[in-house]
Amino acid sequence: MNFIDAGVVAREDLAPGYFILRLGGCEALAGALPGQFVMVRGDWGRDPLLPRAISLLEARPDGMAAILVKTVGRGTALLSRATAGARLRVLGPLGTAFPAPDAARQDLLIAGGSGVPPVYLQAARAAAAGRADRVEVFLGGRTAQDLPYATGLERLGVSLHLTTDDGSRGQRGLVTAALERRLDEVGGRPRLMACGPDPMLHAVARIARLRELPCLVSLEAAMACGLGACLGCAVPARSRPFVYVCQDGPVFDAAEVYQ
Amino acid sequence: MNFIDAGVVAREDLAPGYFILRLGGCEALAGALPGQFVMVRGDWGRDPLLPRAISLLEARPDGMAAILVKTVGRGTALLSRATAGARLRVLGPLGTAFPAPDAARQDLLIAGGSGVPPVYLQAARAAAAGRADRVEVFLGGRTAQDLPYATGLERLGVSLHLTTDDGSRGQRGLVTAALERRLDEVGGRPRLMACGPDPMLHAVARIARLRELPCLVSLEAAMACGLGACLGCAVPARSRPFVYVCQDGPVFDAAEVYQ
Amino acid sequence: MTAVDMAVTMGALALKNPVMTASGTFGYAAEFADVCDVGALGGVVTKGISLQPRAGNPVPRICETAAGMLNSIGLANVGLEAFAADKMPYLRSCGAAVVVNFFGETESEYVECAARLSEIPGVAALEMNISCPNVHKGGIEFGRDPQAAGRLVRECVAAARVPVWVKLTPNVTDVVALAGACLESGAGGLSLINTLRGMAIDARTRRPRLATKFGGLSGPAIKPVALRMVFEVHRAFPDAPISAIGGLQSGEDAAEFMLAGATTLQVGTQNFVEPDAAVRVLRELRDFCAAGGVTRVLDLRGALQA
Amino acid sequence: MTAVDMAVTMGALALKNPVMTASGTFGYAAEFADVCDVGALGGVVTKGISLQPRAGNPVPRICETAAGMLNSIGLANVGLEAFAADKMPYLRSCGAAVVVNFFGETESEYVECAARLSEIPGVAALEMNISCPNVHKGGIEFGRDPQAAGRLVRECVAAARVPVWVKLTPNVTDVVALAGACLESGAGGLSLINTLRGMAIDARTRRPRLATKFGGLSGPAIKPVALRMVFEVHRAFPDAPISAIGGLQSGEDAAEFMLAGATTLQVGTQNFVEPDAAVRVLRELRDFCAAGGVTRVLDLRGALQA
């Protein structure tokens, strides 16, 4: 883990409210695994104060890294104004990751909204290992506008299921409905790995529980330090009173944190 | 007085640490007089909180206005990053002004550092009234780098005396020494009008007192409101316990505020 | 969008809406007339008035801090007579209810000031600033001692013809005890909070940044403390009319303070940042209500789910 | 540039420099080892330790505020035994002096904790957090009552083999009275300040943003209050060793706190913003001294011209 002074190389605007920042000088992040994240902050003074937790979308050995951000509040709005040349302080890579793709089993990856990066990185890892066929990705959003980086996922050559609540792209309905239909088809005991809004993760965890499938979820919680020091990112758990998202997670066995 | 949503049209970098912002949408500032100022703030959130007092360098009827800023702390540093398109909230014009040029007498205008704008505007007013010959400008700085907008002053066609402490441009020495030499030459009872660092104003006021010349100084004081409401910008005075720079000034009779 | 009933009653005082400006941050209102639609506001609280004019503290008097500022104005004001003669004419006609903040250095000054201010036509209520050093008690503030505060409030309430709100200092161990003493003594409302006592130092000159060393901290930095105190006092005295003050910047902040128990809201330091801040806060609060289906703004009051 | 002697003595404790990290903001230090040169620091103050492990408060536990944050971690910690076994090995070897922050829910817990912690090899000093609800007194904090605080401090000092610093809460009317009580009772130093009690509300959900409603405000927002309290206590007790805490972000902040009377400095919330903040503060403080011709950092202490 490192504390890096990174430079914004480019900003790519995706659908409204989503953007990618490509960062240089991030050699120290190379080898970061899918699900791992960084704490990021620009040089914007004392307010907002805390860095923001953002998953890695990419972390290449040449020092190029990328994050995909959804603008929700003041911190992400400030990040959205970063242009080439801006400096960011980046702490990472932090946290746990999705397990490596496994030749013997199918992984169904489910993403919603800003939950795309870990799923993208996991799919990319499978593709790089020649196991693109072992992975299927489910990406859901309200409208066609809320499917950030679907193009990136398409380029990986993995099987991609898109859903929108309003049917404006892909199948109409919730991503979990598409997941269930697919589970009915494929049979066997695929692993589920999900990242996205809490209600989506909750629903995926429930599906896994009912079908007795292994399931990993990547959680979000308000964070101050990202290092296991502030104890702010606690989430009630099954095996002990609390787990800490920054250190014990963000990737958890769904059974540990849901129900 | 108005509270304007202005747009930055251009930033011109002068000597290091000095820059001009040209603002559009400032019709309401037209007619502002030399010495009058605005309270300015960008959309940079809650810290730093207060707007900054900045004199007007120009305020044209077509809505174009300009300010000349010296970067000293966080607020002016944020202003220095403004690029074309940035929005500023501008309250003004505020405060008192230098008196109109007078056909009957000579005005010696003295400026240092970021004190240039009122002096420039006063010289420009004289030039526009066909009285460029009634005005002489003294601009002093530590080095040639600290004579911001000397070119602007030159263009006005008024007589311009430059001084630098190190002699790197104009006469070597303090601007007040050049002023005294010139006063010895010109004789008569010219008016002195000065804007710049406190020690310079103090020295000019002293010269005026000893020579019994009328003298106006444009003061600076920390401000919160600019409107005479917070009572923060008090300065001890002769005729009453305090005068308020934003309302009673910034232009004062030197005898009221010095000695 | 839903129409929203913005009217509130703060104790005996009916206001067309809950948004006011805080004492010392809006002068005598006329200063803002060019750039702020003062008449749209529920009320304005004036700069603190004393019997005699006061020049205020030595300078420097203000400095900026993280998301806030310190001030030690020293309660400079024009004095009661000039206030009545020069400042009330605009205030009376501005369209907002006029609440006059006042203070004294002795109990009798407080009482006389309350009596005389309340007789000025157009004064809707008084706001007592009890965070003022009691010269007879060696400079300890009235506002830090529930007993002293209670007695002082009782006398002022008895002397005044209009409701008397009491403005509490946050620099105490137990704000609820103080609030209770004031309410028992007949306070018509509680204004909270005044500034937090703070200090700033210039490391280079090795001097305090304020001539008086200490000053009052205001602005967004203190909002969490203000919200806590409003909630604590409301929880202890659910019927007490509370005017919330402290770092209020937006309609959402206003809604938060009302949920915590406030009936009225005072915009302070933000007036310096934007002279029409209070009007914007009012508009945003109305929009917040409308968007959330709240038809009476007072339905927000104390509606925190806690 | 001038060489600067950065050594300080805080009461009986000699430290290679004055810069430390504040309790609860630097974990048990090992968390920061990758990204912060812990050994460069004068000391580290650990997360608050209790006899038994504590899971802490329900969630959410933190939220951001203007130039600050609120926390209600609830003093979660691994407990004394796991601390000694699992956390001390790194701390002992890290190169910074180890100050163990601790607390109890009863007086006897405090005393036992002090005694046992002070026997752990490598513990240089203890820091008592007295802003902890006294379960026997109906939950009123020890730290708000000078008498209760004084008695507790006396017992802990008697039980401990190392200096005991007392960490004071700012949520009191008179911090000087509390400081005096602690010093009289044998406190080896005073750490000030702990967090300001605050609250945040989500207007949309109408709920408090923290599960426990209230939390402690920290960060740059509170620096003016911290500076004021350090100065007040130093003025009243010029010999008292003070460890200053509150919104410290830079070497200049550090110098300000020393000018106000601090001997040591604790970097808190800023560790979250930048994990190597304390090391930067140390470097900047040294540079500040060198640039100003200050040859001993301790020459800054109390050197405010006020």
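Residue numbering begins at 1 within each chain, and the chains themselves are lettered A, B, C and D in the order written.
To be clear about the criterion, a residue touches a chain if its C-beta (ideal position, glycine included) is under 8 Å from a C-beta of that chain, and two chains touch if they have at least 3 such contacts.
These figures come from a predicted structure and were not determined experimentally.
If you apply the touch rule, which chains end up adjacent to both chain C and chain D?
Under the touch definition, chain C and chain D have A, B as mutual neighbours.
Return the distance between the CA-based centres of chain B and chain C, expressed in whole Å.
36
Which integer distance in Å separates the CA centroid of chain A from that of chain B?
Chain centres of chain A and chain B, defined by C-alpha means, are spaced 54 Å apart.
Using CA atom averages as chain centres, what separation in Å is found between chain A and chain C?
So the centre of chain A lies 47 Å away from the centre of chain C.
Which chain D residues sit where two or more other chains touch them?
66-68, 219-220
Residues of chain B that touch two or more other chains: which are they?
46-48
Can you tell me, using the touch rule above, whether these chains form a line, ring, star, complete graph or other shape?
It is complete, because no pair of chains fails to touch.
Enumerate the contact residues on chain A facing chain D in the complex.
1-3, 41, 46-51, 89, 91, 221-225, 227-236, 240-242
Note which residues of chain D are touching chain C in the complex, please.
The contact residues of chain D facing chain C are 65-68, 70, 144, 171-174, 196-201, 203-208, 213-215, 217, 219-225, 227-228, 231, 247, 252, 255-256, 259-260, 288, 292, 303-306.
Looking at the complex, which residues from chain C come into contact with chain A?
These residues of chain C touch chain A: 66-67, 220.
Can you list the chain B residues touching chain D in their complex?
Within the complex, chain B contacts chain D at residues 46-47.
What part of chain A is in contact with chain B in the complex they form?
It is residues 44-48, 74 of chain A that touch chain B.
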